[in-house]
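Chain IDs A, B and C follow the sequence of writing; residue 1 opens each chain.
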């Protein structure tokens, strides 16, 4: 006999909650649904919902031709890849140091790292802008990425994970003559895989959609990521054209949306195994 | 240049590098980087690109490098940040109202000192005086008009017909506009408005549209030195009262703050019978309005009038004499009668020199599409757009006051007094 | 010998991350404070020491006070609702409701859409007379309302957008936490005959506490960090009714070019975040034990 799970609603409650859940879901997906509707229909149907409206790809063509989206895509991908690559390396090293090394001032330094959890780079745009100008880095992809590369969230996450690795594994590897970095690479990193995936997904979706700092620091097509490109494109003095904007929106967030649909199960599981709770 | 190449190379864009190499090799060429305030890739960018190419063909040794920098607001930010980090453009089109800010930042040089030959001098005098109003201060010319506009009234002729108004005649003055709007506002059985008589947007930069009320009321908002504003002048308050009354008292305009960006769409959707917006929207309206429409000058009160708007050419200080000469050459070339005419036709902006309107191309175009001349004819009555030292701040004081009055949280006189007090505080250091 | 090696190794491993953190978090935080005591350099005029002048100006600046108040309301409006909704969503998605694959996807999509783009879509939803919201309220015969153009509704509209944007993201954390609760607990509760609400209140909710704290931190930060929708939808208007602190900093720093005053405002933001951090740290120490 299986016991009734007390978390599962029964009878009428169940029906009501299912309706509630669906209503919420429909509300939540409405903007996306609107974007799809408008992007695939001629402009006069942007504000009117008529099932007989003709379908068109014209909006996508116009949007694609109206701005160098190919270049923006390239910039965003370079940016996201650059940030993630550096983050993974730096956070792994630092997380390892905090998890497994005894050294003077460790706890103080750890607190200093945690500061960034609260004081995120967005808050410090004014000073960081000054710094980038001093370094001659304004309007580069590097400048967009630099403030985010040492991520307190990543360091914290990996520290927690590495701490759960049994010390015996570590010692066994050392007995075989492995040095600190080899141990890290052979023992710790493989065991932390789900955490890397979860962190990677969070990082990619964050930086794909990040806006304020890139807006401030970039200047030209060669460094502008998609979000800023999209804003420059949609803020025209001639008013808003929702057909083109929604087409551009679908184009720019398409890859992320598809990736999410494909990996959503893995995404949740990574979080679960990463022990972020 | 080299630093830029390095950066590109670092990104692995070898293809781009190869493309740029020839310019490095030809050390003789003078490169003029040119910020242009438009979203990248639209029809205007293609026009600028082709004009730059034509100019280069006629002037070997000069290379024009257009950089499309987004909206005006973004462009000034980009230009100033680039200046502070040491790599400003040589030439830039920025709002005419940014003049004082650019002077205060020590960013630009004046054209008067550069354009010294008699020919150059004549050129500087050949623009519409209305456009020169906020292109000069202290006896020097700092901006050369290029992409300029004014506010005009667009109306839906079909709705005029339905309301038994002459579809070919726009309201002449404030009284008429109100009467028309009252006839054009439609309500359903339960009293909800289904069609508004008139709409004047008030989001983002309401001060500009407000000048469409203050100018006809025969009052200016600031002095020529840019260090004094007149927000609490009784005539200014009166103008605001008229604007506020349109929605709050007469209920012929939607209440609250009206979004600039959706106003053309409201017009296309037949939710409004008359709208105020920039002449720069002419092409947009022509393409998207599925009904007969008209374009007219803003209604008069004590006089006619509208502010000018749009951008000027500015020359940045951190450039070599050779670059400055090249930039001068380019500015003269692109504002020549033929080019200005072509520019006006293809963008909908007002051609900036009377000579341009004498050209065959523009005369032919104007004959075929009379609305194109409305903005030009209005120039005679136009005044400078609000521009002072600390422009953004002083303007924001007014914007806040206008929005407070339009949403009904402050009475017009209170709102304008508060705005004036704030402006006085900001401008105090500039009155010595 | 071994101890020394551990010292050196530890520091070497930390070095790259710490250099970047110092350069882009600690230094700018300190520099912000320093620059708030100087004037803004302009043209030929260099920055000079002005003591507390910037702070004096700030206290007298009504826009600052309004942005600060708005921000507190914004935080109060977004944090509890988005956390509550996230928890509800997670419970629903974790159960066996019909179509939960779709539900999960629907709840989560806002997270992957860029705010800058969806803000434009929300702009349409809120547009008077023919916007989506108005089409719905109009069908019920309600009078038209200018949602973003009226002081008393604009902030609420932005709060809704924010909740919509972040609830799904927080849901993932709760979902992970719910799935980690041992099924044995539910079985035991079922045998005891515990009601659903009772079980949630007495067993699940306490087990979710660490997650709630984590999500709370994020929600607090977000309420001071999100400004994209303001840039697109309202520019802080009408009459600063939707200006938040960071948006005002952006405006002062990158539109008015008054970097000294922007630094002064940033100091306030830093102080708010620091006190939130301390409060949460104290709370965290009591409730959970990170080893």
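Heads up, the rule we're going with is that a residue touches a chain if its C-beta (ideal position, glycine included) is under 8 Å from a C-beta of that chain, and two chains touch if they have at least 3 such contacts.
All figures in this text were calculated on a predicted structure; none of them were measured in a lab.
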{"item": "Longest centre-to-centre distance from chain A, chain (CA-based)", "value": "B"}
{"item": "Contact pairs, highest-scoring chain pair", "value": "A-C"}
{"item": "Separation of mean Cα positions, chain C and chain B [Å, integer]", "value": "36"}
{"item": "Between chain A and chain C, centroid-to-centroid distance (C-alpha), Å", "value": "15"}
{"item": "Chain centre separation (chain A, chain B; CA means) in Å", "value": "38"}
{"item": "Per-residue overlap in chain C, given as positions that touch at least 2 other chains", "value": "123, 130, 254"}
{"item": "Where chain A touches two or more other chains at once, by residue number", "value": "47, 129, 216, 231, 234-235, 240, 242"}
{"item": "Residue list for chain B, restricted to those that touch at least two other chains", "value": "77, 81, 261-262, 269"}
{"item": "Residue numbers on chain B that touch chain A, as the complex places them", "value": "3, 7-8, 10-11, 39-42, 67-72, 74, 77-78, 81-82, 84-86, 260-265, 269, 277-278, 280-281, 284, 288, 290"}
{"item": "For the chain A and chain C complex, residues of the former touching the latter", "value": "3-9, 13-14, 17-18, 20-22, 24-32, 34-35, 46-47, 89-91, 93-94, 96-98, 101-104, 106, 109, 112-113, 115-131, 146-147, 149-150, 152, 155, 160, 163, 180, 205, 208-209, 211-212, 215-216, 226-227, 230-231, 234-235, 240, 242, 245-246, 248-249, 252-253, 256-257, 260-261, 264, 267-268, 271-272, 274-277"}
{"item": "Residue ranges of chain C in contact with chain A within the complex", "value": "3, 6-7, 9-11, 13-14, 16-21, 23-29, 31-32, 35, 85, 89, 91-92, 94-99, 102-118, 120-125, 130-132, 164, 168, 172-173, 175-177, 179-180, 183, 186-187, 189-191, 194-196, 198-200, 204, 208, 210-211, 214, 217, 221, 224-225, 227-228, 231-232, 246, 249-250, 253-254, 259, 262-263, 266, 269-270, 273-274, 276-277, 290-291"}
{"item": "Interfacial residue positions of chain B with respect to chain C in the complex", "value": "73, 77, 80-81, 101, 104-106, 190-194, 202-204, 254-259, 261-262, 266, 269, 271, 390, 392-393, 396, 399-401, 403-404, 406-407, 409"}
{"item": "Chain B contact footprint on chain C (complex, rising order)", "value": "42-44, 63, 123, 127-130, 138, 141, 143-144, 146, 148-151, 234-235, 237-240, 251, 254-257"}
